[in-house]
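Across the two complexes that follow, chain A remains constant while its partner is chain B and subsequently chain C.
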Partner chain A sequence: MYIKLDHLTKQFGDTAVLDGISAQIQEGEFFVLVGPSGSGKSTLLRIIAGLIPASSGSVFFDSQNVTDLPPKDRHLTMVFQNYALLPFMSVADNIRFGLHNLDLDATEEAKRVNDALDMVHLTELRDRKPKELSGGQQQRVALARAIATKASLVLMDEPLSNLDAQLRTEMRQELVQLHKELGMTLLYVTHDQVEAMTMGERIMVLNDHHIQQVGTPLDLYNHPANKFVATFIGSPKMNMFDATVDALEHFATLELTDANQHSVRLPLPYDLAAGAYQLGIRPEKITLSRSASAGSFPVRVMAVANLGRESSVSLVNNGHEFIASVPEQYPVPENQIVYATLPTDAADLHFFDEKSNLAVNNKGVPEKAGVLDGIA
Partner chain B sequence: MTTSLKHINHYFWLTLVALLMGAPILIGIWASLLPTADIAAGHLTSTNISLNNYIAAIQTTPVLRYMANSFIVAILITAGQFVLCTLAAYAFAFLDFKFKKQIFALFLITMMLPFEAQIIPNFQTIRVFGWLDSYAGLTIPFFASAFGVFMLRQAFLQVPDELHEYSQLIGLNHLQFLFKIVLPYSRSTLITFGLYMFLTHWNDYLWPLITTFSDSYRTTQVGLKQLQAQDTFSNWGVIMATAILILLPTLLILLVGQRYFKKGLNTGGLKA
Partner chain C sequence: MELHKNPDNPLLVPSTAAASTKGRTLRKTNAALWFLLPSLVILAIFTFYPMIMTAIESLFSTNVRGELAQFVGFSNYAEIFSDPLFLKSLVNTFIFVITAGLGTIALALFLASMVSDKLRGNGFFRTAFASTMGISGAVASVLFLFLFNPSVGVIGLLLKNIGVKQNNLVADPTGAMIILVVVSIWMGTGFSFLNLLGALQSVPDDYYAVADLAGWSSWQKTWKITVPMVSPTLFFLLVVEIIGKFKTFTEIDLITGGGPDNATNFIAYKVYTDAFGNRNFGIAASEALVLTAIIAFATWFQFRFTERKVYYK
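And then the complex of A and B:
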């Protein structure tokens, strides 16, 4: 099913929760809505489900305007964070109960229940009650219940949030696999950017009631449309530096100092209008070395988080803290002075307009295209 | 102190308190087995322990009739409350309507009004309806219970929002949602509520006292009082035996319902 959201807004009383939400979701797409808590993503999902009415705007499924249709007539199903299983029914009965309004004959109903149980590997537990199952198994029951309806649109509201980290990683892969096999349109809400990046074919980033950007995971990572997306996507998050651009001399001055107490200067990778900017640099693009070299500046190591195959090194220079990721174990003690080098590639330097927080292209004009990508 | 000593200590105090609390009942049971002559003479023991008082109670007093009346009244009230309280609690828990908070507050305020204060208007009402000395008069004034609405609403609020949303997705209407999800989900509170209401109204005294005039409708507690008043020389052995008989359903319910009382009253956020 193809979905079109057309200028949706939602207010609770005087409080705006969603504003100007327009987007298109392709048939069969694994589409992720991601944002911090309170960004309105769950509300948006419930508007699409028909559980909450929109204050204005429309929702289209294929070419049908479903804005005023009750949830049961939208032919969709939903998987919830707390699974929403009925505790007094067995696993199989829970799945069968989900087929309630489909008017299936008994044979077809039994077949659907069996197939769904088989697909999530729970056939042996079919007669158990939900509370006799682990969290992961309960979530599988909820998935089976959704699968059995054969709805062409499945909405998922933080379905993995209640699981422990290891199980979550497993279930992510299972969900992606399941989506591949069944081919339904899948709308997935999460606050976890890692989940969004690893699962989504396309991602909508929501914050502050608005769409911040819609794009593929790598789009968002490589070309964040604004400062929010830049820092929200990626872990450890993108470093932000105050930068003053000298358009004539073609460099940016950062509030970092080199060994001689001079401000660090970066040659501009493209033309920018003079003025104040925020410069975003991903931690993995900053290189560290034990000895000084041309273009490097001294930094003091504040902490090292060793993750085994990589390390996040917290650094400070001239009162500014930032993080470098190094693809190796980094046994450097705290307070040691090492030398950092910033990247010079245009692709690695993200300038943001200081006032609008939007990414600027090489003409120094806030870039709009990214924001509108994927919007009708 | 070692664990076993601690246990002995606990059990000593628990036994002491249990004996204190249980003493009236234990004395009553003992007295019901003694001949009245011995009780009247002030003897605490007798060589003539028997169930004769029970046989006499059943044969010579209308205690079985009283118990049947109490049973019918308590069951009718409990059933009536189930229907009305469930529907009202559902509205307060799941529906949105104007002045919901205010109306609910009004419900709660009626809980603070002592029953004694409602007796006169209620009496006048059922007299006008011609319901004096009838099951209708004994039961209908109790069908609406603010306490019941409150307790069931609290239980219904425990039903996760997501289940409510899910029921809308699969197209359940209000009655289906109530019967297929809400009521089964609140099972233990409903059982507690039912047992609690049955007990309360089994033990009703004041209202049956002023609205019944005949043994046909008199309930146990009033009947018991009647027995004592009728006999000029009170037959204490028989009265005790009757009292113990009347106590049996209560004891049975408490025994069976213990775990529900604990569970249900906890989820309802109430203390018994």
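And then the complex of A and C:
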């Protein structure tokens, strides 16, 4: 099922929760809505489900305007964060509960329940009550209830948030696999950018009631449309530096100092209008070495988080803190002075307009293209 | 040596670990008893002793001061069960308990589901519906006595105006019963309402979302989700309300005095009139024990047959 959101807004009293949300989701797409708590992503999902009405705007499924249709007539199903399994019903009854308006005959209904249970490997637990299952098993029952409806649109609201880290990683794989097998359109809400990046075919980043950017995971990572997306996607998050570009000079002057207490200057990869910018650089693009070299500047090591195959090194220079990711174990003690080198490649330097926080293109003009992606 | 005898020291007497556990349990029990002592003393004086005395008294005839006169075995019981007044009282008590008890819970459930949504203005209704909890039975009785008064009461006059000939309900056997049921429901609703409101609000919204997506109707959602989810509270209220209604006294004493024609002379009230009106303490004691047995049976019955349908988390 193909979905079009057309200028949706939602207000609770005087508070705007969603403002001007327009997007298209392709048939069979694994589409992730990601954003921090309170960004309105669950509200958007519930508007699409018909569980709460939009204040204005329309929702289209294929070419049908479903804005005023009740949930039961939208032919979709939903998986909730707390699973929403009725505690007094068995696993099988909970799955059957979701099939009510399909008017199936008893044979077909039983087959749907059995097939769904089989698919999530819970056949032998069909007569258990939810409280007799582990969190992961309850999650699978909730999935089975959705699968059994054979709806062509499945909405998931933070379905993995209540699972422990290891199980969550496993379930991510399973969900992706399940989506491949069944081919339904899947709208997936999460606050976890790692989940969004690893699962989504396309991602919509929501913040502050607005769409920040829509795109593939690598689009968002490599070409963030604004400062919010730049720092929200990626872990550890992108470093931001104050940068000044002077007229006639092809350098950005940063508020960092080299060994001679001079400001660090970075050759511009493309022309930028003179002015103040925010320069975003991913932690893995900053290289560290024990000895000084051309273009490097000294930094003090504040802390090292060793993750085994890589390390996040917190650094400070001239009162500015930032992080470098090193693709190896990094046994350097705190307060040691090491030397950092910033990248020079255009693709690794993200300049953002100081006022609008939008990414600037290589002409130095704030770019809205990334934001507009996905709008009809 | 003293230490070796101490069963509480597992290092010194490793072979008697079981005895050590036993000793600790015993000490815990001792401590618990001390904490319980104040309530045990109060219960013993004001509950257990009167209960035992009532049981003994029911086997005796008594003098007007209530002192035991002569052992009569079970003849007090034989007497009350051959007394048509007692049997009538029994029947009327059941009618009252069932209508008032179920009425209270039904009204409370209705009101609670009306105001459980987070809508503006619901706070006022929640307070209003719960407010009857803070009103004494005596005040409520007088209030309703006025309301039902045929010449000055709002309800009395209303009945007259819509053409009810017998608008003096207190003087009518059925009318008196109706008044008591109404007052009893009104009095009991606040407590049941608050409990049910709490239970309703703890039902996760997502259950209803699942039901909405699957196309269940409002009525089906009530029976398939709400009632099972609040069933522990409903069951608790059923037991508490039924016991409470059996013990109704103040309202009868102030509104009907058991009349007219003993129509509202329920057992609890009859115990009182037989003891302190007729000064027939032996008879009253045996009636009180019959009431106790009925309440105990009703409670057991509810646990046995209703609790099966109750879902506990």
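Before moving on, here are some points about what is shown:
What we mean here is this: the second predicted complex is superposed on the first by the 375 of 376 C-alpha atoms of A that agree within 3 Å, B and C clash if a C-alpha of one lies under 4 Å from a C-alpha of the other, contacts with A are read in each partner's own complex, and residues count from 1 in each chain.
As a working rule, a residue touches a chain if its C-beta (ideal position, glycine included) is under 8 Å from a C-beta of that chain, and two chains touch if they have at least 3 such contacts.
Worth saying up front: this structure is predicted, and the values here are computed from it rather than measured.
Aligning the two structures on chain A places chain B and chain C in a clash.
By the touch criterion defined above, A:T216 reaches neither chain B nor chain C.
Using the contact criterion defined above for the overlaid structures, shared-chain residue A:Q24 touches neither chain B nor chain C, since it reaches no partner. Look at A:T77: by the touch rule set out above, it reaches both chain B and chain C.
With both structures placed on the common chain, the touch criterion links A:F88 to chain B and to chain C. In the superposition on chain A, A:K131 contacts chain C only, with no contact to chain B.
In the superposition on chain A, the residues of chain A contacting both chain B and chain C are 46, 49-51, 70-72, 76-78, 80, 82, 84, 86-88, 97-98, 100-101.
Within the complex formed with chain B, the chain A residues making contact are 46, 49-51, 70-73, 76-78, 80-84, 86-88, 97-98, 100-101.
Note for the complex: chain C touches chain A at residues 204, 206-207, 209-216, 224-225, 228-229, 311, 313. Residue ranges of chain A in contact with chain C, taken from their complex: 46, 49-51, 70-72, 74, 76-78, 80, 82, 84, 86-88, 97-101, 131, 145, 149. Residues 160, 162-163, 165-166, 168-172, 180-181, 184-185, 187 of chain B touch chain A in their complex.
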